[in-house]
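One chain, chain A, links the two complexes that follow: it is found with chain B in the first and with chain C in the second.
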Partner chain A sequence: MASISLKRITSTWIITVMVLFVIAILFGITMRFNQGKLIQISPTSFYSIMTVHGLTMIGIWSVAGLAAIHYLLSRYLSIPTSISVFAFIFTVLGVVMLWSSAFIGEFHAGWTFLYPLPFKVAWKSWATPLFLSGLAVLGVAWLVWSVGILYQILKKYTITQTLGWQHFSTNPSIETPPLILISTVSLIGIIVCLLSAVVLLVLFFAEYFSNGAYSNDPLLMKNITYFFGHTIANETLYLGLASLYELMPEISKKPKFKTTWYVALAWNCTLVFILTAFFHHLYMDFVQPLGFQMIGQLASYFASLPAAAVTAFSVAVLVYKNQIRWSLSNILFFLGVMGWIIGGIGALIDATISNNIILHNTLWVPAHFHTYNAMGNVLFSLAFFVWVANDFSDLPVDSGIPKFIISLLVLGGFGFVLMFYLGGAMSIPRRFALYPPEFNNLSWLATLGGWFAVVYLISILFIFFTILKKCLKVFSAS
Partner chain B sequence: MKEHTLILLLFLVISIAIMGLFLVIFQSSKIENETGMQNPKKKRFFFFIILASILLVLLSITIPKSPYFQYADNSPAKVVYIAAQQYVFLSSFQAITLDNINTEAIEVPANEVIEFRVTSLDVNHGFAIYNDKAELVTQTQAMPGYINKLRWKFTEPGKYNILCLEFCGGGHSFMRSSFTVK
Partner chain C sequence: MLKSILSLLILWIGIRPYTINAVEYNLSEEQELYQTIPNLTIQSTFGEFQLSELYHQQPIIIAYIFTRCSGICYPYLLQLNDHIQQLNTQKKFKILVLSFDPRDQLADMQNLQKNYLMNTQKEWIFAITPDIQKLNSSIHFKPEWNKIQEQYDHESVLIGVNTEGYISSKKIGTTDLKDIQLLLKDIHNEFVISYPLKMTNTIMSCFTYDPATGKKKPALGLLILLLPAVLTAIIVGIIVLKNKKYHHPNRARL
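Right, the complex of A and B next:
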């Protein structure tokens, strides 16, 4: 059972995430309107905004996923609330440091801060160390939180049980709840990738403080950067799926999902494949060893198969020809699976080396990752928020699908990403503050994409207001 | 049809099919007497086998088309050196290094294999070749300390533009150059 203190910190996370989400969307819309020449900001402001937008989005949906599993796992084990509070304080500190480095210090090396760009100082000289330190603060906070949760899981289950290995035998002695299985797989991934971020930061600081005596290898740094960036973005999505497995059947008033041998197998495969799929970010670095390039395509293809196919199929079995009591939260889960899979198709196309040569770093890239984030992972987290807000208060639970909100969400979200896909197919580069003359006739794509994002934002605001009142209730309850 | 258009169409068709499928599943949840999915285990088995086979077929078709194998056995008719730098591209028929900075206009023959040896003198950049219809033809990365060799055979003469496809700082979107194919 969730204690009142757990409810309060969870509520604090939700409100913080939603406020930052709205601001980050506004940054996104600003970028799109600038690309569409509807407004004009300087390229350096554009890139500061882009850096903050990317980091904030990745950050808030990671913590939203962690906050969700922390809350849900308390049904099975007890996790000290204090680590969530600790993580919150340090997250706020880290965010303030990053935003200051970008908005006051004018730092603008992109959220992937690819080496050696942060050292080519085109901003206040203190902004680079502040940015790197801000990342370090976030890294430590999330590492402590993830390790803390994993530690509690391992106090109750053995490591092989958490990974569901007993389900490979005919008569498993105990059942690992899917929430435990998926949380463990994601937490291991998150911990490994946060450790890689620590290594990356150490290498950055080593060069920074060596005064030219030591310099890093750009290819190695790029590999570590994308190992970190790719992995964190994907594991975050799996955290969202952990809530789906736990909650979607329950909200739909159906029997719980069970871990069986194929569910266990799928998530074990995912654990392995996802750690090597990042190689697809380096396809266009021809000096990268050929073996890694091949592993990149293979792992990308097979990382998507087990988790996605098993989840999609389980959701289909849950819903197909079964009477479902639809509400805002389970329709968000349902739509999220759809968005995730469509984004996954976009990703698979791009992860094919022979396509990557004409899609790499075009708008196809933000197209597919915005699909599985804005129309996938975000919806999983929002579904959890809506469900937990009902858990917080005894205000009446809304039932039925709010058609207006869902229509805006679908129209705005898919319209917004479609403009990116069209841009990508027409070879428009990503991360261009302004488009070169050959794309002048296509600037309407950016403007229209921005307007679709406004529609998406409106539906997000509606959802925010639906849950805000209930989230605030926990602070007045005794 | 152009590759770019084919890719887009393929994606749109699959996406619309997925949306349709989800709509069908959603609509089926509004029935009075529920029956559930018949034979889910068997259906799941075939679902997996079909998906895995599609992926394997796609892998075996696409891997050999990877750029690393293209024109690997030919010897290039011309070698062009490219060095990227915030925010310009230097291009030359001789090697470009920090001690030997030089740049010249490039003209290469059509229907011959050309090799671009691409590097960077500062941060990571991209080296992307666009034709005069603003279509991305091919690309590689420009990484400091490394030389990426990109081979290509231009079938159509004309002016080709070079754009930077790796974020390299405030001037990134203005960084460009061009060359001619005769």
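Right, the complex of A and C next:
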């Protein structure tokens, strides 16, 4: 049972995430309209916006996932609210630092801040240390939060129980709730990648403060950067899935999902493979050892298939030929699974080396990750937000489906990513403020993508205002 | 006091002409790579021919010197000779020792070859070219004439040219055995997986590459890559051990 303080901090997270999400969408629309030549901004501004947009999106949906599992885990165990509050304060501080470095300091090394770009100072000299410090603040905040949640899980359950290993025997005496299983798998992965961020930042700062006495190996830095970046993006997706496993049956008035041996096996496999899939970001670095490229290829397939197959199967069984009480929440969950699988297929295509030779660094890359974020993980988190907002206001599960808004969401979201896919299929490179001259006749794809994003934004605003009033109610409750 | 000031002044006036002005070299090992080398007319001890006739037969290494050099040129040539002999490679190539000094005549080059006992080594060709400015421009080589010392200030340069006439490698400055091994691989169009930068301040790499064997060996950087996973395992292990006292059989329930 969630305490009032937990409700309040969760409500605060929701409102903050939604406000930042709306602003970040506006940044994205700005970029697309610039590429479509509907507006004109300087390349420096474009890349500053791109840096902030990417980091903000990854950051807010990471914290949304953590906030969701923190809230839902209160059904099973007690987690101090103070760690969430701590994380919130330092997240806000970190965001302020990052945005300041980009918008005042003009830092624009991209949201991957790939070494040695942060040291090729084409911005205010203080922007680089401020940016790196902002990342450090965020990393510490989320690390404390993640370790704190995992600590409480392991206080109640043994490590083997949290990973569901007893389900491999015929009659397990204890059943591990899927929420516990997936949260544990995700939190372990998040802790690994946040620690990799710590290592990365230590190396950055070591070089920065050495005044040239020490320099990093670029290949090592790239490996660590993508270990952190790729892994955290995927782990936060799994946090969203944890909410789905816990809530979708409940909202649909169906029996809860149970952990079976194949669910436990799938998620245990995911734990291992998701930590090695990041090598697929270095396929084009020929200097990378061949063994790593092979691991990246295999792990990219193995990481996605078990979790996706098991989840899709479970959701399909839930809805197929069953009387489902559809509401905004479970529709969002359902659409999110669709988006996740579509984006995942796009990812698998790009993660195949023979395809990556053609698709590498084209718009196919943002196509797939926008699909399984904007139309995947975001929808999982929104579903939780809608559900918990009703919980805050003691309302029953929301009735009535705003069909028009769902239609806008689907049209806007899938239309937006379709423009990316088409651009990628035509080899338009990513991360260009303006398309190269060879692709001038395809800039309409960017403009159309921007308009689809506007449609998507309208639906998001509707959902935001739907839950805002309910979230604010929790502050007046005693 | 006055004597000291005067002494310093005289010293400064006296020394100043002999101080070598700092010359900024515009050479870089990455520049001009995979550009075609100009097809120079070569006048050598074997007669006159076009450079293309030479590189079409075998890849070449061009060593850039001048015979009146009192600086790096001779030690550099001897070092190159030592490295080639140490390598004792089966690869076929020629070393074209080319003078960039317009004063050098073929007789000067012949004497150089004889004095340094390279006249018996078939890979070595000592030559001059009337087109030296063309070559200088193509690789941005700008020797500065020091009129006091009557010497050229210049970088030591080795240029590797493959059988298609492309500049496939450049080595600037002193070279060690591994540099020559890489150079030979480059001019023979062999794939080189890594060109480690000549930096002593990179303390962690993923691997070290040995051009002699063509093999990679893991280095400290790989352990750094494993560090987050190891730290996580330690953290989880500590949490598990700390919480062991809470766990009794059948404690956890749905």
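To be clear about the criterion, the second predicted complex is superposed on the first by the 474 of 478 C-alpha atoms of A that agree within 3 Å, B and C clash if a C-alpha of one lies under 4 Å from a C-alpha of the other, contacts with A are read in each partner's own complex, and residues count from 1 in each chain.
The criterion applied here is as follows: contacts are C-beta pairs under 8 Å (C-beta built on N, C-alpha and C of every residue); 3 or more make two chains touch, one makes a residue touch a chain.
What you are looking at is a predicted structure, and each value in this text was computed from that prediction instead of being measured.
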| item | value |
| --- | --- |
| Superposed partners chain B and chain C on chain A - clash or fit | clash |
| Touched partner set for A:301, first chain B, second chain C, both or neither | first |
| Touched partner set for A:217, first chain B, second chain C, both or neither | both |
| Which superposed partner A:446 touches (first chain B, second chain C, both, neither) | neither |
| Which superposed partner A:137 touches (first chain B, second chain C, both, neither) | neither |
| Touched partner set for A:60, first chain B, second chain C, both or neither | neither |
| Partner chain in contact with A:286 - chain B first, chain C second, else both or neither | both |
| First, second, both or neither for A:316, with chain B first and chain C second | first |
| Touching partner for A:352 - first (chain B), second (chain C), both, neither | first |
| Chain C versus chain B, contacts on chain A by residue | B |
| First, second, both or neither for A:233, with chain B first and chain C second | neither |
| Segment of chain B intruding into chain C (one of 7-15, 43-51, 61-69 or 97-105) | 97-105 |
| Where chain A meets both chain C and chain B, residue numbers | 217, 219, 286-287 |
| Complex contacts: residues of chain A adjacent to chain B | 43-44, 47, 108-110, 114, 116-117, 120, 122, 217-219, 222, 262, 284-287, 290, 293-294, 297-298, 301-302, 305, 309, 313, 316-317, 319-324, 326, 334-335, 337-338, 341-342, 345-346, 349, 352-355, 357-362, 421-422, 425-427, 429, 431-436, 438-439 |
| Residues of chain A defined as touching chain C within the complex | 147, 150-151, 154-159, 161, 173-175, 177, 188, 191-193, 195-196, 198-199, 203, 210, 212-217, 219-220, 223-224, 227, 275, 286-287, 289 |
| Parts of chain C lying in touch with chain A, wherever the complex brings them together | 193-194, 199, 201-207, 216, 221, 224-225, 227-229, 231-232, 235-236, 239-240, 243, 246-247, 250-254 |
| Partner chain A, residues of chain B touching it in the complex | 3-5, 7-8, 10-12, 14-15, 18-19, 22, 25-26, 28-32, 34-37, 40, 44, 47-48, 51-52, 55, 58-59, 62-63, 65-68, 86, 122-124, 126, 128, 130, 134-141, 143-150, 161, 163-174, 176 |
